[in-house]
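Below, chain A partners chain B and then partners chain C, in two separate complexes.
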Partner chain A sequence: MAAAAKRSARQEPPQIVKGLRRTGRALAVPARSVLLAFVVGAVIVAVTGGDPFKAYQALACGGFGLFCFGGEPSVLQLANTLVVVTPLIMAGIAVALPFRAGMFNIGAEGQLIMGAIAATTVGIHFAGWPAFVLLPFVLLAGALGGAVWGGIVGVLKAVTGAHEVVTTIMLNFVAQWFLRFLIIGGPLQLPGGSSKSSPIGTSAQLATLVPHNNQLFLGLPGAVYRAHTGLFVALAAAAVFAFLLWRTSLGYEIRAVGQSQRAARYGGISVRKTLVTSMLIAGAFAGLAGAVQIAGVDHNLTDQYFTDTTGFDAIAVALLGLNSAVGIILSAILFGALHAGGSVMQSDAGVSGNLVYVLQALILFSIAANFLRGFKLRLPSPGRVPETPAADAMASAVAQEADIELAGDDKDTA
Partner chain B sequence: MSFFSDILRLIGTPDLWHASLQYAALLLLPALGGVISERSGVVNIAMEGMMLTGAFFAVAVDLAVHNVFIAVLGAMIAGGLMASIHAVVSIRYRADQIVSGVAINIFAAGITVFLLNRFYGLADVGQVASSNALPNWNVPLLGQIPFLGRVFFQQNVMVYVAIIVLVLTQVVLFRTRLGLRLRSVGEHPQAADTAGINVYVLRYGAVITSGLLSGLAGAFLSIGIANTFVPGMTDGRGYIALAAMIFGKWTPIGAFIATLIFGFGQAIYDANSSIHISPYLLSMTPYLLTLVVLAAVVRRSSPPAADGIPYVPGAE
Partner chain C sequence: MTDQVNPERLAVEMRGIVKIFPGVVANDHVDLIVRQGEIHALVGENGAGKSTLMNILYGLIHADAGEILIEGKPAPMQGPRDAIRQGIGMVHQHFMLIPVFTVGENVVLGSEPVRPGGFYDYARARTAIAALTRQYGLALDPDARVEDLPVGLQQRVEIVKVLYRGARILILDEPTGVLTPQESLELFRVLRGLVQRGKTIIFISHKLKEVLEISDRITVMRRGKVVGHLITKDTDEQEIARLMVGRDVLLRVEKTPAKPGPIALRVENLYANSDQGVPALRGVSFELRQGEILGIAGVEGNGQSELVEALAGTRRSSGGRVFLADHEVSNLTAATIRLAGVSHIPEDRRGAGLVLNYSVADNLILGRQRTPIFAWDGLVLRLKAIFNWAQRLIKEFDIRTPSSTTPARTLSGGNQQKIIVAREMATQPRVLLAAQPTRGVDIGAIEFIHRRLIAERDGGAAILLVSAELDEVRSLSDRIAVMYEGRIVSIEPPDAPEERLGLLMTGGGSGDRRKAG
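Moving on to the complex of A and B:
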């Protein structure tokens, strides 16, 4: 016994190596999924007569400011990417948190729209207030608007058992039509304008990262850089999400309910309360994303929000980010870059920017199905029964993550 | 009050009922697809994407070969192919079926516009000549009946097709051995497997059928109603079909009744110029109705027991 313990202690790699290995294993599934998506995407481009290398070069230029051979200003491309990344992080959290509780929030889009509506309403009506009061109020209103929309889903699920996938889809449409009602001939419409609301007061706006004055920044007028301080709100939201999930009893309850509702109930956790709370908080994050979008970039509601897909893109963000805070930030950067780079790809390489959605779908397929798992493990190890599928609509990504961790633990203790 | 008097006046016109039935048929095809797929135990929220793909390929094929039959066939094959991705990912790879459905919808939205830009540039696809579109068929004699003839017997051929598919689905699902097997696979695949039923084959068949029907509905929309393709033209109809399926408690007849209600709403919306209410508020009603139904009668409307659960032989 003692000898064995000593031997295993000797063979035990240092903590940092173990940590790196574990990170590597956790990243393996997302990395393979992204790689596979890009390979299939390249095939699609090539088959339809395009040049995949040129397409991806333009995508990298538009997304990250890399390989910009056409002389496009790199920093501007990065700034555009950050504009997209900012709401994606918060909306990603709005999808990830319910995932952790075993629920699938397809309603981040509707929650985001309701948040944007609430934020705009407050920003217009209290435009005269000083910024240090109004700005927090605007963000809070957005979070509340989203929380109400998410809360409805949670309550319906807890009280009647209505499946959240269906209720969120329905609420997305209700929110979209409500928005149309408000800004097309409705109470929020800009007098004399069409399909847009009045702008929010200047004191309700988030500052931009580059001051919008008449000075040049890297050779371009400062006003072209739209990246804004909402990015810090998003990063703070990610920190709050991580803290909530891993350092609070609510986070423990959410994870417990997500693992097994029955076990959580035996453990004295109110499953219903946890479901409702997690949807409320998730809605608040999505609503915050809408508020930040209004306060940071758009400053009014426009018909862009009719076709906005941030809340759906957030599903890919959360899944690729394995529902963890750091993962969400990383995958939001990836998807933000893809979306921001799409237009550059269209103009520079002549490949439709909609390839980005194809790539996003391929990543989703790949991460959900884990097509390439055979690359590493040809056969499931003997004696290990294939995991019993969970009855609820839990993300397979969560299961995969757990799987990876378990596999890692097995090896570490062996 | 003028809203209600407007509605009352509209109800007296056969055109409103004609349009209601047409929109109901458009929703019915994907809704029946959803019923078939979910009865076999595979959750399908991808009707929207499969319909959109069908709508695109119907127009693309029609413009290329100028033949409406081949165009409809192309749309069905395109829908079926999208469905088979969903089938492989969720049956063979046991992926989360909702993630896969979301991915199909995103994929469809992306690939249709990608191909549109590739083959037609940034311009429009162009209009499908009405001689190559899905025609209306005035049933002889019956079409002459006042009021009812206009409502029931002067419809697009696809409306009659949808009704036939409805009857077929109802009969096959509840009156044949195949239907019994399909339902047993959706309720208790382990037991079905033990009884010698091939769970995978039935599930693949059901999911692909849902794609064929959704593709057909897409063709109806693009070369039967609009005669062109516009990006995102399905505009949530696949999701309303999903709602209709749930509304109808996963039965063909129930789904049909739900699509009639939603179709009526759409027809009212189309006649909005003569109604004094925001059409946007009116557009919310199918979704709100579904929420109310889910909240009120959910205990009596539960999905098939194994809906959404991948089948793993030997696992309980």
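Moving on to the complex of A and C:
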């Protein structure tokens, strides 16, 4: 749609106004959801004896480095947010792309873990290689690991019709327990009994944005700033995602399958192949997120991946971002800021950091409520379940009602 | 138990009805006057405001201005409940029946007779329905399951349902759209019977012949306004069509005799299953030559849809062979068959032919999104080429759209169909499979599509035309193949009498069963 709008904007100037209006309308739903969440969140804080203004001020400080009245280092807060934002963008794409094809990928977490495992394995094994070879190799391995994990889902869906929601959830467990096996008594465990792997080689690591040493940067040693160049990998991923979706034949087909499998089939598009392809690509984006997390921040697999929720937060990111590249970046920043700001809120305002999860849930909830109408149309039934005549009758009844609204539109173009 | 009829009394008076949807006036001071005991036809093109008006009358939507009087008394319609209480019943174009319920259960649904203790009173429901069907001469078995009934009888169930709820004024929305010629005649007999027994009928249709045959008076709408109140016996098809469209319309298709060339498509003993897995094609054979139109006539559901899909590659055949010229294409993919020069106008425009949320331009390349003209190396879309292609086709096929980036969903049915027709014809196909090419399309667009089909034929294309409109098949085809229960029972000349075709379509008659050729 973005490309289309741009195209028309160049041709017919008045379309710009229309395009802006359309963008405004598209933004209205997410904006309302966020606003609603913050209002309800404020009420909850107030009712439980906290000061909502102070809480949000601390949250803004912790998330964006804004309104830091307590002398907190703003840039450090911002850097911490970027650390969270980076994998969220890529995992958000991993949810959004299958969504465009009409599938609900709950498995970004499992795909991310598999990516992290593959990246770590490569990063340890080939630690002696020079960075310009090893680093791309590590990221590629991560993408492949995730792609395999997503591809399994796609193949199962295409061949047996197994619903992706079930298979992705199950594969999340498999990935988590596989990781547990690897680093607790398994082949990747760091000798010495701790539940983590050995670190990857230094040439497999992504550089940090601020030189990682003891030189002072804005009054603090450079080593405390963890934000890393993986951010650029994430932004590039978003650009690739947008290009793939709007400028390639494959993107055209993915969107067609998501909109109407019948029309896609009519157009000679193989629905099964498209579903498998989009899950493969989605898995690759999630795996890349895992690889970047390992190469940029963690440098080894640890037990914190057992409780990691990036792949689930990514669902919120994709939904709030309306499954578009720019939207995903914006909502990843929002959710990243919330997560990073939670601890500051807890210490500065004395409000439990769990409020962040309440806010996230509220945002998701109100989006889901808004989504309900489109949901039926967006998510086609899995596989090729024949429509029953009764469902047909219902559908046409609904369509008829809808025609009442459409009658208006029909006329101004007739 | 005939209702009191006074022809001077008015059953329905809608005065000065205004309904404005965002950006468009759907009803602009519309007056509709229906006398008691008459069949009143409401005609107009798609988007003329007929449905809006009837939905206002039935309480589904609220008018912004105007008043409604039922049998002389003001009747504000807050919802369908009010309409039903006022004695208005609506028979929808798409039946609102539960297929696995019996006739009786469907009829009483929503107002079931109840025995003490909250149990469904089966006996009372039966007697009530039996009484109704006897009274109006509507033969129906209350214990038959609806899914086992032919479409004509299902419609009758709908009619009995509204009668059971005490309707005195019946609205029938395009009631003949799904019926065979015989079933239509039967429906007209039923409608006349209802009118004799004091009912009033509002009959929505775009088939002018029918309107002339069945109605007493006609109200014509165009672009939200009433443009004519006519008395049926004083008017003719030409006048109604002119009022509907706003200009003179060519109702007859003008064409010269076909000049058939070499064989373009040969089908040998083709078998295929329906979606439900039962055989839908049971040995179809025919030949189609370049420069001719072969029409397929038949009651819907006799294998026409499956035939077209099997030929287009969107349905697997289970036996038999298909040749394009001399090359066998049996069970190749839809993409391959399309590349081989077969175009396909699908019967389900909104479901299969278009991705409704896609722009006009994107819809104009559906099926060709990987061809070199529209994508570099079949990978990256050539937006400029797509844009130019769209501009050309929009102009050439007169697609009325604000721009090529407008979503197809927002266009009228006729313009949506023009997108498909443009896309499928613009590549100069060798074979064109046209399934219901003018279904639900207004007269102006029908005229246009008919002219394009003839032009394609004259340009050498081999056209397979499937249509539920017998008139359309007869006026366009050079030969007519009649399908019944998955077979071609006969191939007839285009001037075969309608009665004979009707008989063949329902399995009667002496199809001479000669092989197509």
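Operating definition for what follows: the second predicted complex is superposed on the first by the 353 of 414 C-alpha atoms of A that agree within 3 Å, B and C clash if a C-alpha of one lies under 4 Å from a C-alpha of the other, contacts with A are read in each partner's own complex, and residues count from 1 in each chain.
To be clear about the criterion, a contact is a pair of C-beta atoms (placed from the backbone, for glycine too) under 8 Å apart; a residue touches a chain by one contact, two chains touch by 3 or more.
What you see is a predicted model; the values in this text were computed from it and never measured.
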Touched partner set for A:Ala263, first chain B, second chain C, both or neither: second
Partner chain(s) touched by A:Ala31 [first = chain B, second = chain C, both, neither]: neither
Contacts of A:Thr167 with chain B and chain C, given as first, second, both or neither: first
Partner chain in contact with A:Phe104 - chain B first, chain C second, else both or neither: first
Which superposed partner A:Leu355 touches (first chain B, second chain C, both, neither): first
First, second, both or neither for A:Leu250, with chain B first and chain C second: second
A:Leu20 touches, of chain B and chain C: first, second, both or neither? neither
Footprint overlap on chain A, where chain B in one structure and chain C in the other make contact: 386, 389, 393, 396-397
Partner chain A, residues of chain C touching it in the complex: 21-24, 26, 45-47, 49, 51-52, 55, 60-61, 92-100, 147, 223-224, 275-276, 312-314, 333-336, 338, 344, 346, 348, 351-359, 361-362, 365-367, 369-370, 374-375, 378-381, 383, 387, 400-406, 409-415, 442
Interfacial residue positions of chain A with respect to chain C in the complex: 3-5, 7-8, 11-12, 15, 247-253, 255-256, 259-260, 262-270, 386-387, 389-390, 393, 396-397, 400-401, 403-414
In the complex with chain B, residue positions of chain A that touch it: 44, 48-50, 104, 106, 156, 159-163, 165-167, 169-171, 173-174, 177-178, 180-181, 184-186, 307, 312, 315-316, 319, 346, 352, 354-362, 364-365, 367-371, 385-386, 388-389, 391, 393-397
Partner chain A, residues of chain B touching it in the complex: 43, 45, 85, 89, 93-100, 102-104, 106-107, 109-111, 113-118, 232, 236, 239, 242-243, 246, 278, 280-281, 283-284, 287-288, 290-291, 294-296, 298-299, 303, 308-310, 312, 314-316
